[in-house]
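Just below is one structure, and these are the notes that go with it.
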Amino acid sequence: MVTAAIIGGSGYTGGELARLLCRHPKITLEAMTSRRLAGSKVSDEHSYLEGFVDLKYQQAIDLKERYDIVFVAAPHGASMEVVPSLVERGIKVVDLSGDYRLSDPNVYTKWYGLEHKDVKNLDNAAYGIPELFKDRIAKATLVANPGCYPTCTCLGLAPLFSKSVVEDKVIVDAKSGTSGAGMEPTKMTHHPTCASQIIPYKVGTHRHSPEIQMVLERVAKAPIEVVFTPHLMPIVRGMLCTSYVRLKKDMDKASLLKLYSDFYSGKRFVRMVSSPSISAVVGSNFCEIGLELVGANTVVVMSTLDNLVKGASGQAIQNANIMLGLPETAGLDFPGLGV
Amino acid sequence: MVTAAIIGGSGYTGGELARLLCRHPKITLEAMTSRRLAGSKVSDEHSYLEGFVDLKYQQAIDLKERYDIVFVAAPHGASMEVVPSLVERGIKVVDLSGDYRLSDPNVYTKWYGLEHKDVKNLDNAAYGIPELFKDRIAKATLVANPGCYPTCTCLGLAPLFSKSVVEDKVIVDAKSGTSGAGMEPTKMTHHPTCASQIIPYKVGTHRHSPEIQMVLERVAKAPIEVVFTPHLMPIVRGMLCTSYVRLKKDMDKASLLKLYSDFYSGKRFVRMVSSPSISAVVGSNFCEIGLELVGANTVVVMSTLDNLVKGASGQAIQNANIMLGLPETAGLDFPGLGV
Amino acid sequence: MVTAAIIGGSGYTGGELARLLCRHPKITLEAMTSRRLAGSKVSDEHSYLEGFVDLKYQQAIDLKERYDIVFVAAPHGASMEVVPSLVERGIKVVDLSGDYRLSDPNVYTKWYGLEHKDVKNLDNAAYGIPELFKDRIAKATLVANPGCYPTCTCLGLAPLFSKSVVEDKVIVDAKSGTSGAGMEPTKMTHHPTCASQIIPYKVGTHRHSPEIQMVLERVAKAPIEVVFTPHLMPIVRGMLCTSYVRLKKDMDKASLLKLYSDFYSGKRFVRMVSSPSISAVVGSNFCEIGLELVGANTVVVMSTLDNLVKGASGQAIQNANIMLGLPETAGLDFPGLGV
Amino acid sequence: MVTAAIIGGSGYTGGELARLLCRHPKITLEAMTSRRLAGSKVSDEHSYLEGFVDLKYQQAIDLKERYDIVFVAAPHGASMEVVPSLVERGIKVVDLSGDYRLSDPNVYTKWYGLEHKDVKNLDNAAYGIPELFKDRIAKATLVANPGCYPTCTCLGLAPLFSKSVVEDKVIVDAKSGTSGAGMEPTKMTHHPTCASQIIPYKVGTHRHSPEIQMVLERVAKAPIEVVFTPHLMPIVRGMLCTSYVRLKKDMDKASLLKLYSDFYSGKRFVRMVSSPSISAVVGSNFCEIGLELVGANTVVVMSTLDNLVKGASGQAIQNANIMLGLPETAGLDFPGLGV
């Protein structure tokens, strides 16, 4: 067994990491931190973990303890304060914040409004979508775990851009459940506000927009324009991204599907289906993808995942598995709820 | 036309009062106050009122202006600070807070944790369920507008207690939409918390419990024990109260229904139906009631209403109509959404 | 008072017509038909109409009675069987089906799979979005009441196409509540299927696609390509259309907003807002529109309406008002629920 | 490994059995039947099982194959047609229908409207709530898997009745998610009907009423009156039962909690908590229980579970584990989703 710790374990992604790790066959969760909750039982905050996680929140992890892997589920800004000391000690880190996702520190500053304080590690961080960048992840000490929207969107579009069959403009109309907004009550996630409508927000200004662009450009090896419109949808878990791109030249649907099934051959967690469903993936690390060819040359790509699993904590564990030389699917190989 | 003002118009009940008053054939809304929003347009806070309510929030109402009726939609504690000066000037007041509902100031102190500062007006306040206490409301200067749960429960049970056909113990299992919790985001009304479950809360300790007891005792002219369990349900508007009482002696369902239809004869806003529905009353001032006789002698009474209309602002206007000598249904006589 | 009848009054749009007409100051609803429910009370099917609509369903309307306006809320295919006999007698008709919306009978046949049997009236039918085609509606005997998606989308895009400031391709990502699917239970609208996800359906193949294209081409006076992706969303009432177009040349957001406010000047039911909201329009005949300029030249237009009101029965009454020479807003001039 | 088959695998409980069995460490699922879907892949019907269950639906199971355990997820009436031939061959059976739950065939006939055709096996069937009847289950060839409402209610109330501390009347106000209604679309589970309200149904006439009574009487060894009111609630998975009983003599809350913790000591899947939560148990085999003492002597017991897991397929596997001599928690020992 290898050992793990979670820094910042009070929120949804921290709880979800613990939910998944407590059944992991190879990783033992040994510590969770929370400044606010230090001293209290983890299962007092996350009651569903009662009987599974018998830990108390610590103020901070003890760096003299040797953890094989540390998951950092702190807010952006706070992550880059704590990551350097871990990496320095040679501890493998999966960081779930936005701090190490954008490879260019100037882009980071522009979208996050902060100076980047750890450019050295930023340069070495691997971007953690395993279906696209597994080799780099395998060698990395630090993996930047992607945002939920970029994971869902880029898994949906990567095959098209990797084969250069589509033009350089993409429209992403994304719909997310409310758990993506985190545990802190806000005006927008107040039930009477959001339960009977779908709310577009941060249109063109969401921080996941440059992240999507960076990933697609890396795949396409060419500049791409991204128009990204996130919506808050009245469900708790799950996400659908509906993306629109134009073919450079005629292709039929069968050829497109062949391109996808070749691209994702052997990738356990990506499933090509005729009708991607959120319910089919909820609770699991799967991503479902489907597509339609509309009009002359528009490809409509639909992709779904559970924003807390494949969109966050599940993918973090998948990255950890790869970094640690464990089977990629360890602790994650179970189906979604279905209904 | 008579003139009206709303004190405390930033929340859901304030907005709902304005939504209903803006179409009222006899009452003109002339002022709304909000300390927090003073100076800003009402329709900036409540966008659906754009084009209907052309007012700016005031810091306070000008008592030199002569309003025929003032609706006080302030929190409890704050209401009894402002009501005395209104009543003193002879202005008719409908108070939507809990301050004037419980006729015994000691009971008020026990449940609200505050000393009552306006016992004189408390003594004279009428309790505003028009179907039960219309005569007193008609003569009152101050009406305490009831809580949503007491309105829904007591309309459902009053016929049985008024005819003394049931025993003195009642169990009320109530389910409310989240708008009843008000506009302020909280942990419990955070969408990811409450959207996929039904949450019992304040079991036996909710402030509406003594209010239900007071009203039923007034109707029954005898002491009654109330066990009241409210639940937060994942809908926005609407409420169902399922109440359980035991018959003193055998009665069949037809006799019970006859008792109800006699009791509510001529009461426009109470509708006896076989299956009470929230959807049928949403957006309207109607209350639907149905009942079943189960086992030897248990009557299961089900009652529904829209907590923001018949459970708050609609009933407040109904009370105002009565106080002002207007037709009781003025501005309120339209059907629920149905779907 | 003018008199009205509804043919096909058992479904959601029929019930909604009755809900609105029962409070209309100038139109009296005198008959509703339903083959299935003939002889039973309308309020037995639509309980919320109890006390407002005191009619029984008839097998068919009696053509010897002279109705000033007939609303046909029958399914497509059935409408064109009944409309000719009405028009022939000079009765004004608002048809809520798809039968008279697509001006080209060949396009109708392609998308509806039926031969058009009433091409003569099809030629004379006015398409009923009053904000775009009021003059023709005012003179028409037959108005084809638009689909919910086309109304929402085209109100959102018409200003841009009327001024020819955008390119000829539009992507419409639309999200609708489930009441748009009608009253008949189906696999897709089964609560366990649709309540925890958002489901894309009929991608590129929905019948509202050619209708949107027709309307926009009429406004633009030029050919337009429409990529239309409808989604089923887990709310009951309301719709959001997020549309994407590209500017032909640079414009700033202020100029775009000016273009919209000029275009909709004096149109009571269209409201430009910074954040279009479904809750703000639910229950009402309003459409809210907002927009953002993203990237180099993409305009993201967001529009919301209540699919049963402005998207169906409310707009039908608005059309009837115009046809009958009544004030356009009669019976419709009240705000949405807001929350 | 032991081998299993599922008869009737097209519905929600069949799919859920497969979802759980595909990760079971000791049981291999070898066959699933469905008359309607015979020949098609299981993962075509239940897409979330793609990659986990590689079976095709069979018309029927081949009795010459020796299955160690057969789960019958057929409708009532159909189960008693197929169970006898299995039991006769000595195959262990868990039946998820209502056919073998009510030990008295006359009660069965009264509530199900059918003659019981297999009274011999009915006499020998064990009722499968392991926390209450484990010894009998361990020896049984046939286990009647309980209804969701009886499991949730009786786990909540059994400690009180087993110690005879409460009176013989119980009121159960139960709220269920819509998946409990099964996979077949109906008027009541049509999203526009049920999504914005909570609907009481079959008040006093639901088939789970005599089942609850039978179990509680067995525990209490005395007659009990049950008043049972089920409600359909707008969530998909999960159930809350709020039950009301009266203490025979004074007890404080601490004593009651002690009584519960003693009773459930060592029972892995029952968890005493201060606030029972549906979200905490969704996806899992756990049942959460909490209680409050209200007024003079009323105990309000709240219990939650996932109706498809502990309320159906999870409990069926728990029963199978016991019958087969496997660890009771095998394949079921993971936490709920939490959020």
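Each chain carries a letter (A, B, C and D) given by its place in the written order, and its residues are counted from 1.
The rule we apply is simple: contacts are C-beta pairs under 8 Å (C-beta built on N, C-alpha and C of every residue); 3 or more make two chains touch, one makes a residue touch a chain.
Values in this document were obtained by computation on a predicted structure and should not be read as measured data.
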item: Comparison of B-D and B-C (more C-beta pairs in contact); value: B-D
item: Chain at maximum distance from chain B, centres defined as averaged CA atoms; value: A
item: Whole-Å gap between the CA centroids of chain C and chain D; value: 46
item: Computed distance of Cα centres, chain C from chain B, in Å; value: 36
item: Euclidean distance of C-alpha centroids - chain B vs chain D, Å; value: 40
item: Residues of chain C engaged with two or more neighbouring chains; value: 12, 179, 192, 195-196, 234-237, 277, 279, 339
item: Chain contact topology (line, ring, star, complete or other); value: complete
item: Contact set on chain C toward chain D in their complex; value: 12, 177-179, 181, 183-187, 189-192, 194-196, 234-236
item: Complex contacts: residues of chain B adjacent to chain C; value: 12, 15-16, 19, 22-23, 46-52, 179, 196, 236-237, 268, 271, 273, 277, 279-281, 283-284, 286, 288, 308, 334-339
item: Chain C - residues contacting chain A, complex; value: 171, 173, 175, 192-193, 195-200, 203-204, 225-229, 231, 233-238, 240, 242, 244, 275-279, 282, 292-296, 298, 300, 302, 304, 339
